[in-house]
Amino acid sequence: MGDFPDVLQIKDTAVLFIEFQNEFASEGGRLHGAVKECMEAKKTLDNASELLANCRQRGIRVIHAPITFADDFKELSHSSYGILKGVKDGQCFVGSQWGGKIIDSMLPLPSEVVVSGKIGLCAFSSTNLDFLLRQLEVKNLAVCGFLTNCCVESSMRTAYEKGFKVITLPDCCAATSVEAHDAAEKFTFGMFSVPLSTKEFLSKVV
Amino acid sequence: MGDFPDVLQIKDTAVLFIEFQNEFASEGGRLHGAVKECMEAKKTLDNASELLANCRQRGIRVIHAPITFADDFKELSHSSYGILKGVKDGQCFVGSQWGGKIIDSMLPLPSEVVVSGKIGLCAFSSTNLDFLLRQLEVKNLAVCGFLTNCCVESSMRTAYEKGFKVITLPDCCAATSVEAHDAAEKFTFGMFSVPLSTKEFLSKVV
Amino acid sequence: MGDFPDVLQIKDTAVLFIEFQNEFASEGGRLHGAVKECMEAKKTLDNASELLANCRQRGIRVIHAPITFADDFKELSHSSYGILKGVKDGQCFVGSQWGGKIIDSMLPLPSEVVVSGKIGLCAFSSTNLDFLLRQLEVKNLAVCGFLTNCCVESSMRTAYEKGFKVITLPDCCAATSVEAHDAAEKFTFGMFSVPLSTKEFLSKVV
Amino acid sequence: MGDFPDVLQIKDTAVLFIEFQNEFASEGGRLHGAVKECMEAKKTLDNASELLANCRQRGIRVIHAPITFADDFKELSHSSYGILKGVKDGQCFVGSQWGGKIIDSMLPLPSEVVVSGKIGLCAFSSTNLDFLLRQLEVKNLAVCGFLTNCCVESSMRTAYEKGFKVITLPDCCAATSVEAHDAAEKFTFGMFSVPLSTKEFLSKVV
């Protein structure tokens, strides 16, 4: 872990919950089938719920980062490709629909900040996340959610370049296969973060 | 104007309407008193309404950029200074209140994009504006609104650095004094944009 | 490949060569041992040399993105962690030393742009790359180099969010193991780019 | 000054010296004629030299931000407009020429960081400045140099949005007229910074 701080001060620390939305996390969500196996293998929701409860109990700052689009996906290019084309073609994450809502068990409290503007993958690239983190003087950012190797990983990479102390929480993440999840954890998470289990992370926050 | 294009293709062009919200633009808005004189001198609302109507008629892309905060301004630092401190202390631009709403005469159509996330001054710095402009393949960006020398000017400066062909429309802007407005127009707009009257701008878009 | 363009216009296209420096690519480089096996398996240098020669012959824009530090690494934090800590502890990529130089076979021509400022991983995050690409009106960006799943992947992810049409060229990349390289290619490249062989890429550029 | 800190800790503070280059600041520089009157009125160089000497004596971090271009200005668009067109047409700030060099009295020490990549106006937009400031854990950023209402002002605006505590030092700045300088100081500096005299600033740093 090198010179990463041994303890993380509560006042300097935030946990970013990325895309805990029905589309991914609930039976019936358009992308649930794709992530279900990995969610079960990692116990993603159990761990994330426990993490959220603990954060609230102990006053660790919680930030939510859902992704949502207009009904007609007017935010996206007519010549989309890659994952955004998949999102658009699949009509996923429409803000006005059930699929675009945060799952009941992870609903933000009124006191918690919800990132606005997310129509890209990295939680920083189209949002006010960096602005918020600087205003709130967050130094240590723990990231988790969906997909391990897409939005979570992009957010981890960007947060690292921006000088945050980044913690990844693989047991609160899921990808479209266990293999894809494990590859991110094994090959890239250590370059841009300190990967910890939820339990380890919580024990480091004081 | 140098090598600025003589004509602006409709398909490549967007007009960004910044903060046409009651707080600034309507009698009773918390900051209306500060900008009223300049609005009258420049006929800001008349020009902006005409511009908006023309854009809609001719299919020029319209983008709205309001700024809004939570009731408790939880997005901002406890040690704010400068203009954000003024905004917070004055309880301005609360999203759930009348002051934070876009004025009736400039309300977005469902087909128009509204920038999300704006809790800073520059319309790019805490939003999905750049993401949207790249997706929508906008090359020429005309900016107008409030304040001439604050959010409009910051947006102009950033858009210029990002390689957009930037047009400023001073007659659709207002500041807290005519002198402040005129200083921006005289000293800085020409460095980072081509300033045009609304009439001139519309005649260049084909 | 979805709505990705079938052909890439030469005038809209650039190839970004990331960190073809002695530290990685030459016998004796401090990190060469780590990437040697993968370089051989993918024929990274053969493919990259052929690509570079082809670009020069046909007038496809070439951009170089080396990473360099001062002798004392004064650019980096005293509490580095992750890959930047590895770079600093290993005294890698010092600009004034042989290891920090671009390898002889890939040396930039005076007419080619070399990105400045790179002291981070993503080729955008600490550099003038975005500024340059916008000034030069590049729309299609092909990326290659070292490491497949570190700087190349971060650059791919960012370029995608910025609205470029991104092409990855895995056969001109290498990572610290074939397994790590292949995982990136298999699990993440398709989300944020169109991965092509060098041969396929060159046949699409017209 | 609102909730701006009363004292600035040396370890958290940096002074950014923007474009103290011959082109602006020395007799014979291509843009010297344009700024000479304002430099004399504000005693820009006297104040900046005193500031620099004081910083070095007391260990306040110094960062230099010059702007430089290749001999053929290959970094800039063929259809430049605004101030970058002026820079290119005037062949200003060529890195290999005398005009592009930092003036003798302000030359960086080997221990001081020099920002790389600056080919835009804002000292953040095409550089590694933000990356450096985050690595070096700078919280308070004092900005000065040329032009008061161009690069200095853009840097101030961006630094404010990024959450730094920004101090502007008008008596270490100059613009192309005293009127333009004074307009920036009067109308915009207070929105995005705490403007201080050099003397006041130094007395606040402890």
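Note that the chains take the letters A, B, C and D in the order they are written out, and that residue 1 is the start of every chain.
Quick note on the criterion: a contact is a pair of C-beta atoms (placed from the backbone, for glycine too) under 8 Å apart; a residue touches a chain by one contact, two chains touch by 3 or more.
Bear in mind the structure is a predicted one, so any value in this text is a computation, not a measurement.
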Exercise. Where are there more C-beta contacts: B-C or A-C?
Worked result: A-C
Seminar exercise, completed: In terms of mean CA position, the chain most removed from subunit D is A
Problem set entry | Distance from subunit B to subunit A - Cα centre to Cα centre, in angstrom | 32
Problem set entry | Distance from the mean Cα position of subunit C to that of subunit B, given in whole angstrom | 38
For this session: List the centre-to-centre spacing of subunit A and subunit C in whole Å, with centres computed as mean CA coordinates.
Result: 27
Exercise. Tell me, which residues of subunit A touch at least two other chains?
Worked result: 77, 120, 125-126, 130-131, 135, 137, 161-163
Exercise. In their complex, what parts of subunit C are in touch with subunit A?
Worked result: 1-5, 77-83, 85, 89, 120-122, 125-126, 149-150, 153-154, 157-158, 160-163, 165-166, 175, 179-180, 183-184, 186-188, 190-194
Problem set entry | Interface residues, subunit B side, partner subunit C - complex | 130-131, 134-135, 137, 161-163
Exercise. Touching subunit C in the complex: which residues of subunit D?
Worked result: 74-77, 111, 113, 115-120, 125-128, 130-132, 135-137
